[in-house]
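Some structures are shown below for you to check.
Next, two complexes with subunit A in common: one pairs it with subunit B, the other with subunit C.
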Partner chain A sequence: MNRHWQKIQAIAQLKLHMIIHNLSISFIPAFSMLMVYLLRLIIHDQSTAADAASAMGGAYLLSFGLLFNTVMGGIMMCSGPLAEEKEKHTLRVLMTASVSGLDFFIGSALPVLVIIEVVNVLMIPIAGVAWSVIPWGSFLLISTICALISMLLGYMTGILSKNQTQAGIVSMPLLFIFTMLPFFRVLNHTLEMLANLTYSGILTRLVDQTLDQGYHWDFQDIAVLLIWLVIGVGLFLYAYRRNGLDSD
Partner chain B sequence: MTTTAIQVQHLAKHFKTTSALRDLSFTVHQGEIFGFLGPSGAGKTTTLKILTGQLAPSAGTATVLGHDVTQLTPAIYEHVGIVTHNSGLYDRLSVTANLRFFAKLLGVATTKVTPLLARVGLSEQQQQLAGKLSQGQRQRLILARAVLHAPAVLFLDEPTSGLDPSTALAIHHLIRDLRDQGTAIFLTTHNMTEATKLCDQVALLNDGQIVELGTPQALRLKYNRHQNYRVLFQGETAAQTLSGPAGQTIIAREITAGHIVTIHSGEPTLEDVFLEVTGRNLE
Partner chain C sequence: MTPIIFEKVLKQTSQGTLLKNITLTIPAGSQIGLKVTHQESRCFFNLLTGKTRPTSGQLVRNDTTIMANLTTDAGYPQLTVSQYAHLFLKLSAHPIDLAAAQEALALHEVWHLPLKRLSQDQQQRVVLLRLVVLHPDLAFLENPLNELSDDGIQLYLQGLAYLRQSGVTVICTAPYLEELLLVSDTIYRYSPTGLESVDLKPDTPDTTGPAIHPTQVFKIACKQDDKTIFFSPDEIDFIESINSISTVHVGNDTFSSTLTLTELEAKLQRFGFFRCHRSYLVNLQRIAELISYSRNSYTLILKGHPAPKLPLSRTRLEELRTLISF
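Moving on to the complex of A and B:
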């Protein structure tokens, strides 16, 4: 077996184990699903009738779940473990034990991406939306791109932080902007416009339109996703080149 | 023929206002334990960081296994083992899982893990979480991890610091075995007894400069200017120190008469040598 792949596999297995056994991180996807389920029960109780109401509830709940899982999960499942490796001095051990930066990032990213995508798919029925109405190609592509952008921002945060506490503090504004802005898009037109300029806003647009008249790609969605992907890669590379994986 | 494992020439490291290392030059061969001795702050860890590619030198060159230390790649690190004070462990993994992970990373058969843990005295802690180990047990696990892949070059920063004597002895055996298998070992320590017992060559480091370099025996003999002997005679409870021609005459006479219970040559220890060369203690 190729040595790189062997190392990536070993790191991916380790990261999966560490995510599962770190409650403050594994809590995020679990919490997203639980919250959506509980909110669904509440909304179901309060909506007296109407398919429209349940459709609105479905879109709201699915957006809520996808935002929490993709944005919060993506950022925190990457920044926290990376900062922990730095704090516990295991990252330096890996770097001097024949692991390249690329092996490390691919191995670390794989389990996070798989967790986010699996939970996003499971979120659909939990939010009370039928799998049959989902445009799978667009859904998987957009949610994967959004997850990757969140992960890049998470890694950037992890690189710039010395420990887990600092990573949590630095992540906070990103979490607030990319989770809350699309979430409050319904409050006024300005917020909706701003939300539509964020990658997480495109995720909620996908859900809104899917459950309204059906989702169709438009130039703005593609441009916003690409711009944020470029920004994510750029910020990550900037942090990596400035600090390395583990500056001391 | 001996193969060069580490080659250092005119190495220097300057920080903003201070010179941490000045003009270091030495060579470590395969199958050799090289002791780098000096008090705290002498530059031992800085040298180790440079040689392991974690810190860039300001001047001079250093190679490990023929590769410039500023250009070490993952492929070269596969032949290197490192134990430092801040080498971390995965605290939420068991002792065995920690080693199995590194075995997978380094392409080593995982069947080597259990015998190695026995070798460093961690058999009973195999299933224990690394985060629950005592400091001494952690140090042994870090050492086991560093030697798991039988590296060609092993860097050890105070490897027995804080360990109980029996564990330190077991570690010494392990280090000697690795040396006998051809591993070049770069060992930093301020424990002179350990250095004398283990090292084939030592460099005495003071304020970032090597002040003496050679075998422990050669250095001790070089500074053995006042040849003396500690002698315990029959019927006495304390040994006497005898020196010079007069002392040698007494010793010769008493040995012939069978009156000597114990006799030890009194050449200086490495600590004495360091004190004489630098005017300061190693601690």
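Moving on to the complex of A and C:
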């Protein structure tokens, strides 16, 4: 167990290093916080009504930030480094150093999950929402499940891609669907209905309801999250069994 | 490590036969060189690691841990040498003295530099450092001295000796014999008929009798860029005259010779070469088949993949019959 934990730690440190030094990936969490801050300044300037408007602005900004960070960050921070390792043939070297596939994925996922969660928490004050109104248990649980689903989708695209460019292209439709659909849910009822069937839609529902009447778990939210988690695991396992980690 | 045994291994892919008739035993602690092309090297590596299975033949490799440095491998450019070493130290179950390894591999000056700032010489020694840290049963090195400077080669060889001290078996592959001579104790050359051992026994002067001077030494000199490459007659498949330039075919590679085909014929006749056509001089040891596609045309098919086909003049058929008695 200790040996495995030591290997996981080594992989996690390596991945953290790779994410920090890859600007196209590390910019996502930083950019999502910056965007939310800038949008908040714009909305604050235009908002004249006090509480209602600021609550609406807060929900919009927080949803935007969480979607950007959890979906885009989760997918790209997993697919990019994995594709980079395959492109540079460093993954084969790691795998021959008695690192199992499980060690590799746990070690790779840990820093990404921590980054996403820390940024999601920091996003709350940046969006102008008080920490006291957040139902922390539900918030952390839902954002963690959503981050895990995004990461599974990211690993799937990384496994199916040969290089970083291909990973970017393959992940584009996923980013578009899971980021844009909940974002444009306010435009019409059909989009809202569809958004509520995506895992990222549940994240925005959490924010909307939290800042409206308070969030309460319902059967649909649990079912949607579980179904997407199962789909994510299934797609990941399918890609892993089909291509393996180190396919040429 | 228990010996790895290849017994008449053949590997075919959709593109044809890549390796054929490979019979080889890799004992523990040996340092073997294989003169093979890049494609053959990769095929051998995939067989060795179990990534692909032989099409036919037997391969016994038990639980040998194999680690490699292939020409396509890259490191983590952002990591420093120290971070790279510590990464693999955490992954390794084998305790080592990192300071001693740093010293033996002459990496102390670049220890805190990122890999992307190292020279090719230093990067190759960092690869050796990884192997020293991970301590596999067998290290597979593809073209290890490629693009190294003279000093780099010297330091690399010191590092390789340090790696071997810890009992690691080493296999090096390269397309050139001169590279393998520096890094191997035993060398095998792959030809379409299989692996042939290259005689590396050092010449021991015979002090008991009169000095013997070799009279049968002959090499064909070919020019390539600013290098002159020498081939023994037995390495050459055939020589072709293209626009009055003699082109020497060795495996799948071609080299230009400064001699004319007639001059080469005169020199190579006694080594079993035969002028089968006005434009072709063939090594008779390499011929596999003679085919007559029509009454007056004959074709010689050589061993190898793809098997070269050479025309045989009708007038020279009788001469060939006399030479090889068929």
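In this text, the second predicted complex is superposed on the first by the 247 of 248 C-alpha atoms of A that agree within 3 Å, B and C clash if a C-alpha of one lies under 4 Å from a C-alpha of the other, contacts with A are read in each partner's own complex, and residues count from 1 in each chain.
Operating definition for what follows: a residue touches a chain if its C-beta (ideal position, glycine included) is under 8 Å from a C-beta of that chain, and two chains touch if they have at least 3 such contacts.
Computed from a predicted model, the values in this text were never measured in an experiment.
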| item | value |
| --- | --- |
| Joint occupancy of subunit A by subunit B and subunit C, clash or fit | clash |
| Subunit B versus subunit C as contact partner of A:Ala97, first or second or both or neither | both |
| Contact breadth on subunit A, by residue count: subunit C or subunit B | B |
| Which of subunit B and subunit C A:Ala239 touches, first, second, both or neither | neither |
| Touching partner for A:Leu67 - first (subunit B), second (subunit C), both, neither | neither |
| Subunit B versus subunit C as contact partner of A:Leu211, first or second or both or neither | neither |
| Subunit B versus subunit C as contact partner of A:Leu203, first or second or both or neither | neither |
| First (subunit B), second (subunit C), both or neither touched by A:Cys78 | neither |
| Region of subunit C that runs into subunit B when the structures are aligned on their shared chain, from 116-124, 260-268 or 314-322 | 116-124 |
| Footprint overlap on subunit A, comparing subunit B with subunit C | 3, 6-7, 9-10, 13-14, 17-18, 21, 88-90, 92-94, 96-99 |
| Interface residues, subunit A side, partner subunit B - complex | 3, 6-7, 9-11, 13-14, 17-18, 21-22, 85, 88-94, 96-100, 103, 248 |
| Contact set on subunit B toward subunit A in their complex | 52-54, 73-75, 77-78, 80, 82, 86-93, 97, 101-102, 104-107, 145 |
| Contact footprint of subunit A on subunit C as seen in their complex | 49, 65-68, 70, 72-76, 78-79, 83, 87-88, 90-93, 130, 134, 136 |
| Partner subunit C, residues of subunit A touching it in the complex | 3, 6-7, 9-10, 13-14, 17-18, 21, 88-90, 92-94, 96-99 |
